[in-house]
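Quick heads-up: structures coming right below.
The following pair of complexes shares a single chain, chain A, combined with chain B in the former and chain C in the latter.
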Partner chain A sequence: MTTQAPSPVGSATPARTPGGIGESPARPDGTLKVTGQFAYSSDLWLDEALFGVTLRSPHARACITGIDIAKALAVPGVHAVLTHEDVPGLPYYGLDHPDQPVLAIDEVRYQGEPVAILAATDPHTARRALSLIEVTYDVLPPVTDARRAVFDPSIDRVHPDGNVVRHQPVRVGSADEVTADVVVVGEYEVGMQDQAFLGPESGLAVPAENGGVDLYIATQWLHVDRGQIARCLDLPEEKVRLTLAGVGGAFGAREDLSMQVHACMLALHTGKPVRMSYDRAESFLGHVHRHPAWLRYEHGATRDGKLVYVKATIVLDGGAYTSTTPAVVGNAASLGVGPYEVPHIAIDVYGARTNNPPCGAMRGFGAVQVCYAYESQMDALAAELGLSPVEIRIRNAVSQGSKLATGQVIDSPAPLADMLRRVASLPLPPSTVDSSGDLPGGYGNTTRGEGVRRGVGYGVGIKNICFSEGFDDYATARVRLAVVGGEPVVTVHTAAAEVGQGLVTLQQQIVRTELGVSTVLLQPADTTIGSAGSSSASRQSYMTGGAVKAACEAVRTRVAQRLGHSTVELVGGKVLAGDTIVDLAAAVGDEPIEETVVFRHRPTVPMDPVTGQGDSHVQLALCVHRAVVDVDVELGLVKVVELAAVQDVGRVMNRVALEGQIHGGSAQGLGLALMEEIQVVDGLVRNPSFTDYLIPTILDVPPMPLTILEHPDPHAPYGLRGAGEPPTLSSTPAIAAAVRAATGLRLRRVPIRPEHITHPT
Partner chain B sequence: MRVTLTVNGEQRTADDVWPGESLLFTLRERLGLPGTKNACEQGECGSCTVLLDGLPVCACLVAAGQAQGRTVVTVEGIARYPGSIAARNERGADGAAPTAATADGSTLHPVQEAFVAAGAVQCGFCTPGLVVAVVDLLRTRPHPTDSEIREALAGNLCRCTGYEKILDAVHLAAQRLAAAGPDAS
Partner chain C sequence: MEFVRPTTFADALAEKAARPQAVPILGGTDLMVGLNAGHPPPPALLDLTAVAELDAWAVDDDEVWIGAGVTYRRLITELGTLCPGLALAARTVGSPQIRNRATLAGNLGTASPGGDTHPVLLATGAVVEAASVRGQRAIPIDDFYAGVKRHALAPDELIRGVRLPIRRGPQQFAKVGTRNAMVIAVCSVAVALDVARRTVRVGVGSVAPTPRRALAAEDLASGLPWDGGPLDDDVARRFGAAVAAATAPIDDVRGTAAYRRHSVEVLARRTLAWALADLDRSEAWDGMTGRSEA
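And then the complex of A and B:
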């Protein structure tokens, strides 16, 4: 390096670099996204690229007795038709357990299972040729009842090793022996929700000169995709290079592979680039969904409303393949009583395999289903005791020092009682609506509103942040500080998936705060750097944020060493070293400083297989909702009037992005409460379109006032708490409770449909 | 078949267009304009909203052949060719006259700026359709109420934001357009 010491530039404290943490700078990809220039995975194009398509099973369960590809292969423009016999390596994949065939082998286990893939010069030719592939099936009766799949020994096995993927008990105290003054029992159901991201499964695979493949892909976790792809292709991982393409939403649906291996197989087979992009109907069949659930709860309490025991049996339908069902079961079990202190607990959660569509990750991940049920139970208990819904929750609320059902002590702030008091004290919206367009059903409401009843309901949810149960959940970041054109510039490289949440913005904010440099460039996320872990479990602010922070600290230490100090502060492009201030550009000179750091959260342990005990979670996050609804009790229509939330986030990193997460999560919870369900009949999806699977429009989503609290978590970077998932938990039971309050009905199932209100059973 | 149309102020020709092909497919696959998004192909999500002779349509529901000889503005051209009521009524030569919106050298329409500034963009897949829809909304209703915005945008699905920041962005864009004067629509 040039050894001349940089000269001091004065002693006045320089101004803080704008755009750091706590501010809300604009997204770096914002301009590209509003001008249509942002390259999503479905926009990628290369000359000579073929278009790949997938033939899927029309049956929920069948044996394949023959596949004839000759006619399809003979179509001019068709370059390849491949079946399971063409899979170069391991013919199975899976996040937890590789039981899902890349292409069906002799048997199909769900409607939509890929059977063959085809590449042709253009989409029209490809789809026409696909219809000429002849597959003959021996159709079998599907296993579609998850409870029978678990409990009925006479039922067919969907897989040779049985239908139960995981059974996780939780046992605390002596729930089977204690008695209580008041007991409420309820059976609940949660329908199958879809993530319904807008950007379809898509990507571009390009054969590489070294015999490998380059894949440009929308995913949540590049490295776990790469591992699975490499095994299926029988290639070493370094010959499978993944680069993140633009991601049109994820919400869990991009954790499992979809077209990744297929596109790579077609590219390697033809020697040409291959792009694939599902249409909406195929997307509904081509990714996992939220587990539908059946939940039976029994709550016992004292006369003054203190919980004595909770017993629960929960069955989650994982559909045809394992996917992430084991972890979903773990969440449902460990969080199955909610954020309440309960001395005696007996929970059994079962994850089933059936011939229904495969289910896996969706925002809230196992905590959503139980939250709807335990909150419904808390309301039932309150009604039984003559207490308000808020009061019964406050009397049982956890706080710092409380034990979860797993025995894990909550060792950071958990101000639930305060959050409940805050949400309950918010002003209510006006009791009448302004115009007929605001009636339930909007302008389609044919009444004058004489059947409209208002209801208010509350919901509370607790979600684990980061991966749990002993998973080595690390994130890698490289930070490079250089001088370009006389100015300090920082380049950040991670493999973290930006899926819309704003992680790209946050990385820039962290660098500006830690290194005092305003120009922060982000390298594309790819597999040339170590894993960042998954963009899921509300973990990336904590994990990749933590890794970028740690890498910045390492760079800062190097700057200090160059100046002969042990520590320095970097602010506004200056170095504060002791009493002197020097230009950072001068300190760096022509020798860039680069550090790569692997960041880990504190370790966790698996739940005990018999008692469910263990410190299985890294961090816990709370959200509280109050819903106000108008219900037309004659038409069965519901209008959510307002959906207010109180959430503790530890520390606000970027308020605009944070509010966007809470609003978006609340809206998805609204969808589950009132609208969204994949209708599956005999294993067949009946509504794979946005015409028939309804997600909330701007008319369905009400004003959502937010109260954001900041009680820092001392274990987390900056004290932050993951925030994307908790609101998805609590908004559903709050809305369901409000509809119950308006109608007096028990309503034991979500989504609540009009006939549940007009013709209750 | 061959389809000739004006896209973002430029005459373009697409060859080998299939009779059942949508305008969306032609824009994305033949004319190199992937900014208009394909999310449902059933007219349910609004991601493919473009202006056809100044009127918002779902490009997935318009046959490419129907666009023969007509004028299309996509998100890629909306800052330069945002259209105007006059163009809509008179169907002028290009259906939408360039405006002064970019006179300050910025390449963004005020609606685009507002979407970034208000945090109305997350994954952004719905954004191109929403930007076009909001440009059209503010042309006809320069100061819409929340109810009017909700009604106008009910055909544009967004899965990320819960729509709150989109409402903020529309109000912000309305303010900025009003401040910029009548030529900035």
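And then the complex of A and C:
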């Protein structure tokens, strides 16, 4: 050991290191982002890089009878034109099941399916040459009705694996035998929502000297990308090195591969770096969306409003390929009755395969669709029983100790009844608005109050946090403590994807709290370290946060050992060891301490394939919304006046970031309630642009007062509860309920369009 | 792609005559979006933003002349009194960024059935000034729209500006979109009253292949309460129905034909009632030149 034993520096307790957990320090990438200097994946550039483009199917379903690349290849500046025959390894990829062709093989199964890729010296040449590739198609009638795809045996098979990706039943008690005083039945539909991130699918692939490839990419999960890419390229994983490039939003749409394998194929084939970046229309065709859903529910209750049974049949349209449909089905089934105690349950959820656009992960992941339906049912039940929407929910609310539909016991706080009482007791906004821009129709100047009716509605949702059903989605973190220029400095390395959620800030906060060091550097996320799992399922604060915390603890133990103690405290750049205080810099000296830790959540099990029973979830999170809307009932226009939320987050790690998550999730739920839908007709997307795929503007998003509760989860790091998804669930049904209250209409579909109000069917 | 940037309108006309294929550009908020979306690039862009004389407006007798390069922002902040309908429509266009950049002539050049200024230009009886090296002509707005995104300009012509009467009475504009801002019209209505003549003109947008007037509704002018008092429910209903009857809407991603017909009717009733209510404010509409306000 080269360090001298450090000498004590006094005994006064040092001041806590600022910027730790519970505070809201500035994001390390914040200034770059707001000043427009942050490099997103679409900004990557190398002088010698070629530009790669993708030829896509214009048809929802067709046989490919020929591909002629000769004319395109002859264009000066074109370096490569590749088809499925050029895929070096496995010609399929997929998150849950590799059934999606890297490039279409003999058949296309959705509009926009990649058929060929091309690299040229510049985007203009590339696009012009692309139009010279001649593909001949034998067009087939597409299978576009998900219910028929599942239930009609006479319908064509979309894929050799069949039209049902997963069927998951849930059976509790004897739902088919019991009777109830009051029964409500409803059929609901949820349209296809898009994640609508702003940064298009893009990245840069650079051939490596060892025959491998380096890929700089915006993704949600580097390691699962790498595994799929390596198999498709027929390379060992260590020859496929990924580095996270700046991610311009994700929301689930970057869990599946898009241009990753294509860029690598072109780079390896040409021996040159290849850049790819989708344009907006292509982006809408080039990533998975939220599953549209058809849901039929029957709720039975006693006269005093206690649920007796819930029966449901749910069809989720997964489109042409598997993607994450199996897990989305699992969520819809296990969370299909919502956060309510129900003695008898019979649910069947089907994930369908059709020739519609592929659907996969999006914030809320299967829990969103069912939440809209079961909450609509709770309102219908309340109306039938003459109870208030809040009262019926309180009478059936789960709490700690309750059983989910899967039989899993909720073993951490779940104060739903209290949350409902809180949201209901919040003051209501004034009954009239201040300016005409705040009326329904907004800046369109459509009303001065004519036809405007006020409505209030409630929504409650429950979301699983982390991956479920036996998935080992561990996270790895390396923490290195060194002395630089006389000061202790910590470097954190993980492969976790910062997608805008603020994980970079949180990692710094955790280190400051655990190691008492203010300077925390983050190494770029890449595959030279172990997996961090996906930035999805609201899991990264829990998982990568947990891994960084554990790695800090290991480093702290090493500091203690150096000083001959079993434990020490690290605060404000000092080491508190027993009665003495020494400088951390002196304790570390010129021998940095580095620890790499793999963190795991508690194990879960798959749902029973027949009964749906099993402890399938790691953690559960609740959010409650109250929506106040003004509806111009003559024009069918809606203005959300206020959207209040109560959410239990276990522990507030960073209030500013957390509020951003709850506000953002609520706004995304508002979008689903009122405007966001990929319109698909005969398998073809009608609105692949932000001109016609509308997302809420600041004039559509109302004030969103928040009540944030902190009931720690004893199983989770710091007691925290994943927070990004739950608000996306409950805001949609709350708004739908408020619109129903204002109009008196049933409104069995979201998004609610103006004509649903003016011309109800 | 060539790029030319004349500084005088005469030079611009000469350029346009020399290469009729050159495409004029002002704010670029339609043109560049189209190019980004893969529309074939034109052989040349004729940038008119350096032509100072186009970025101006003036009052001439009882008319306002608005240069081609005047932005929505200027329509709102400078012309709200003289041309209230146009300012109301401008306020509904896009976002602040778009309104800072995009122009009236650009809206006309695109001639989309959903362009927001068209109903107002129709309702106020505007005239489009088309110029070329051959000379200048005035195209009455009723003759300007030739089809979906087609207009009456000759290949060598540029829009120099638009002339429209200083308001002769209350004007209203309303637009339905499926979000509360930054949205293309599902339908729109402009109503302009001429108090002295006791006439009303109505323009509608996004409900037919071109923006158009609702002539049958205009014929109901004599039944309106010009001397004050409430608008009779039955007259309002007939007015709305006549506007709806003038439309030929389609189903598209933004709305159904049935919804368009319905909502344009509601908007027509409402905007007429608001315009008439403004009459009651006993303003002196007669002989108003607006000069003192310009």
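One rule holds in what follows: the second predicted complex is superposed on the first by the 759 of 761 C-alpha atoms of A that agree within 3 Å, B and C clash if a C-alpha of one lies under 4 Å from a C-alpha of the other, contacts with A are read in each partner's own complex, and residues count from 1 in each chain.
As a working rule, a residue touches a chain if its C-beta (ideal position, glycine included) is under 8 Å from a C-beta of that chain, and two chains touch if they have at least 3 such contacts.
Quick caveat, the model's predicted, so the values are computed rather than measured.
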Which of the two partners, first being chain B and second being chain C, lies in contact with A:T691: first, second, both, or neither?
both
Which of chain B and chain C A:L699 touches, first, second, both or neither:
both
Would you check which partner chain A:E134 touches, where first means chain B only, second means chain C only, and both and neither mean what they say?
neither
Applying the touch criterion given at the start, work out whether A:E187 contacts chain B, chain C, both or neither, answering first, second, both or neither.
neither
Scan A:G441 for contacts with chain B and chain C and give back first, second, both or neither.
second
By the touch definition at the top of the document, which applies to A:T758: first (chain B), second (chain C), both, or neither?
second
Figure out whether A:D279 sits in contact with chain B (first) or chain C (second), or with both, or with neither.
both
Spot which of chain B and chain C makes contact with more residues of chain A, would you?
B
Would you tell me the residues on chain A in contact with chain B in one complex that are also in contact with chain C in the other?
279-280, 437, 689, 691, 696-699
Spell out the residues on chain C that touch chain A in their complex, using ranges where they run on.
36-38, 88, 91-92, 95, 172-186, 253-256, 258-259, 262-263, 266-267, 270, 274
Quick one: which bits of chain B touch chain A in the complex? Just the residue numbers, please.
18, 21, 25, 28-29, 32-42, 44-45, 47, 74-76, 79, 107-108, 112-113, 115-119, 121-128, 131, 147, 149-151, 153-167
Across the complex, what residues on chain A touch chain B?
24, 26-27, 29-31, 33-40, 42-43, 45, 122-124, 195-200, 246-251, 277, 279-280, 434-435, 437-438, 499-502, 656-657, 659-660, 663-668, 689-691, 695-699, 701, 703-704
Touching residues (chain side chain A, partner chain C) in the complex:
127, 279-281, 437, 440-448, 450-451, 634-637, 639, 674-675, 679, 686-687, 689, 691-692, 694, 696-700, 753-755, 758-759
